[in-house]
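Letters A, B, C and D mark the chains in the order given here, with residues in each chain numbered from 1 onward.
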């Protein structure tokens, strides 16, 4: 039980008073590297080059082996915790949130690869986003996101409703001014297309693919922009401030961050 | 009178301590769906397809029937409230703000349709925005918008005046630098056109349809952007913060949100 | 002296406990209208049309007459205040800030017009911006702008210095990555051009006339954008918050706004 | 020792209770001018003109001479401070942070120039950014930047992690919707390219070089923009607010700013 105990202390973040163990730091590094490689693998400039294809392939196999070993180890050491002892306890452990994410992070790709699929299927790659949850375990602040959502609750919903109403009304207005009247612009030819303009404008992203060209349309758009940008930024601001408050309170309570 | 009383409890939000009745939830859903369909109806890719035209037509008739029935029911159950009892009371009820919005949400289209107009007139579709007010009744936070406007009052007006002054002065400056002098750009050829640039820049939307190209114009624009973006965001920020304060206070007073 | 006294109460805002007199409201309206006409006058679609040219010409003469009469009246009623009594007092009054603005708002154009210049000289039109100061007299909040500048003082300067340093360093970085190395883009061919990119990016305006195209340039730009947008928004934010505080305090002290 | 003492009071900011000495003000002006010239020197419109080349060359030599003299003076007067007295003390002084920056600001260019290199090497110009540190010595607020980084510490890291995770997930989503499915856009052809879009959108820069064109892509992008802009602005906001707090506290403690 010496190995199980020391592995438990290495793998389970709650077993430590603070900080992160070397083994978990290694796993976080592997997850981050796997996100980097997931991104690079999709790049046409690289994924058509035989050398890079080989690098990607070897890296993926290494990652899958590491995550398989990690999963087996986690299930094994879970038994140190009385509630997950024995076969039934392990079953209970494996149906918890984090272990499911750990499982999704390697198993589907491994199974397809074992069956000769090569692990290159696109849908399987999406499952790699489950690895984000692997990191979340070590970053308690990801819990703070959920807490911030609860904390801002009705205020967030209300401001979101007001923001969406403003986006809709702005789009209807510009649809009538620019799409139906005025220059009959293609980009304002329907309300859904005008909504795309309204979102790009009221969030101040302003790609420049859609903008009013008639004097009346520009006048309305200017009024909407000056009056509305604060309102549409409201839900994001409410959430950001709740998240910030949550983090500060946790730090003040001396919680791990 | 049993039916009238129970319909009253279902239809009138003030009759409930908290939450929203199933019937009102259904009406909110219908309103939201009608906004979705209003948007889709204007999309050329859909409104030229006979199948979709049929779907839109059937949906519109259903919505009009539902809103007609809802309106009749609301007028009938209004009598539970002593101030709206009898024929005179009903008349008084029908000239209040929300009942007028309820009426505008179905009656004009129904009348035109009955007269063979097909309900496809554009101006009539705009009246559907009155349905937004139907929802506002169930979302007390829409009242908070008006309260936030009153609360921020003179501060909002002052910051708006300063923002507009900055937009005007920036536009005059760039008109002289880019439109009259410099490259004689079409897009800066007059102060109204330069105002369009100033709004797009100072709200940080930046579509990219208008921007200075001369070194002096870019120098002025850079100074204006760094110095001005906070000032133009001020009215929206003042309002957003007043709205946020209003919502928080209402929640603290234990008001329905 | 009855007329002088009642004109004094109409013209001098400090003579009233609160609000704005009807005469001053009229003058504010004339100033706002003159700004609207100044903008329209520069629009090629209008200023080539003989009807509009006539409208502009008549309006300008009316405005100049009104401002001339207003100026004479202001100088006359200034004598109600003991410190501006007599000829010497009037001279003293005419060299104060607001009376100079009142003078610049009509005199240069009137003189040129009297000499047959037609008042169409561009430089004279710029002097019309002095009319903004005419309004400032009635909007005490414009004083609050100066007070907010003093209040935020060193904090504003410091944050501005940091923002400018960040803009400069970002521009140098992208100049080396995109202009000298990489694609040798015209738009990054020198540091001043890269500064234009840096300002457009860090203020989040993002016109889209300049952006990095090489992978390394985009990587650097992404880091700069995520890390820097808050820092460059800092001076504007510091000033906006000082202005907002100033307005709130003035309202709490019961000052006119 | 009279000259050394008075030079010490002129050169070392800590020797004065407040403000900045005339000599240091001159050095700050030279540094700012050298940044202006560094920028202008890279401009093709100027650096191909023999007159400007001569101006740049003379200015650079003057700056190098001034900084050389300044460096020698600083090393000499450092001896006024007991800890830097004698040859060993001077050695100790020369390996401190600010003196190293002072050295890098002139020595490499001077050495290359002495060896006939003409000081035109690009890499040497980058070293001129070290002159920024020369200014930092006189602007105590630059220290406040580091203090703000420490102060916001874990909160900054956490919000940065959340922002980067949101950027990554948004990019993966749009890559699948716009790059793999939909229109097979070049600009969304890989996750790294989609990350460029995600950063431009979530920071609200929105250059307009990349944007979704399919209805589904626009729908996802709209949701991401409304929900995400507050989250990605969070790290910059956390830092900006910590920097602002730091500056206010320093001012309240009566520290030099």
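Rule of thumb we're sticking to: a contact is a pair of C-beta atoms (placed from the backbone, for glycine too) under 8 Å apart; a residue touches a chain by one contact, two chains touch by 3 or more.
Just so it is clear, the model here is predicted, and its values are computed rather than measured.
*Asks:* What pair in A-C, B-D or A-D shares over half of its contact pairs, by residue number, with A-B?
*Replies:* The pair repeating the interface of A-B is A-D.
*Asks:* Rotation angle, subunit A onto subunit D: superpose the C-alpha atoms of these two copies and give the value as a multiple of 5 degrees.
*Replies:* Rotation angle between the two copies comes out at 90 degrees.
*Asks:* Is the contact between copies subunit C and subunit D built from the same residues on both sides or from different ones, judged by whether over half of the numbers are shared?
*Replies:* different
*Asks:* As a quick test, compute the distance in whole Å between the mean CA positions of subunit B and subunit C.
*Replies:* 31
*Asks:* I'd like the Å distance between the centres of subunit B and subunit D, where a centre is the mean of that chain's Cα atoms.
*Replies:* Inter-chain centre distance comes to 44 Å.
*Asks:* Which residues of subunit A are in contact with two or more other chains?
*Replies:* Residues 192, 195, 204-208, 233, 237-238 of subunit A each touch two or more of the other chains.
*Asks:* Hey, which residues of subunit B end up touching subunit C in the complex?
*Replies:* Against subunit C, subunit B makes touches at 154-155, 158-159, 161-162, 165, 168-169, 171-172, 175-176, 179-180, 189-193, 195, 200-201, 204-208, 211, 215, 218, 221-222, 225-231, 233-234, 237-238.
*Asks:* Okay, in this complex, where on subunit A does subunit C touch?
*Replies:* By the definition above, subunit A touches subunit C via 204, 206-208.
*Asks:* Could you pull out which subunit D residues touch subunit C in their complex?
*Replies:* Listed in rising order, the residues are 35, 38-40, 42-45, 122, 126, 129, 132, 139, 141-142, 144-145, 160, 163-164, 167, 192, 195-196, 199-200, 203-209, 232-233, 235-240, 243-244, 247-248, 251, 257.
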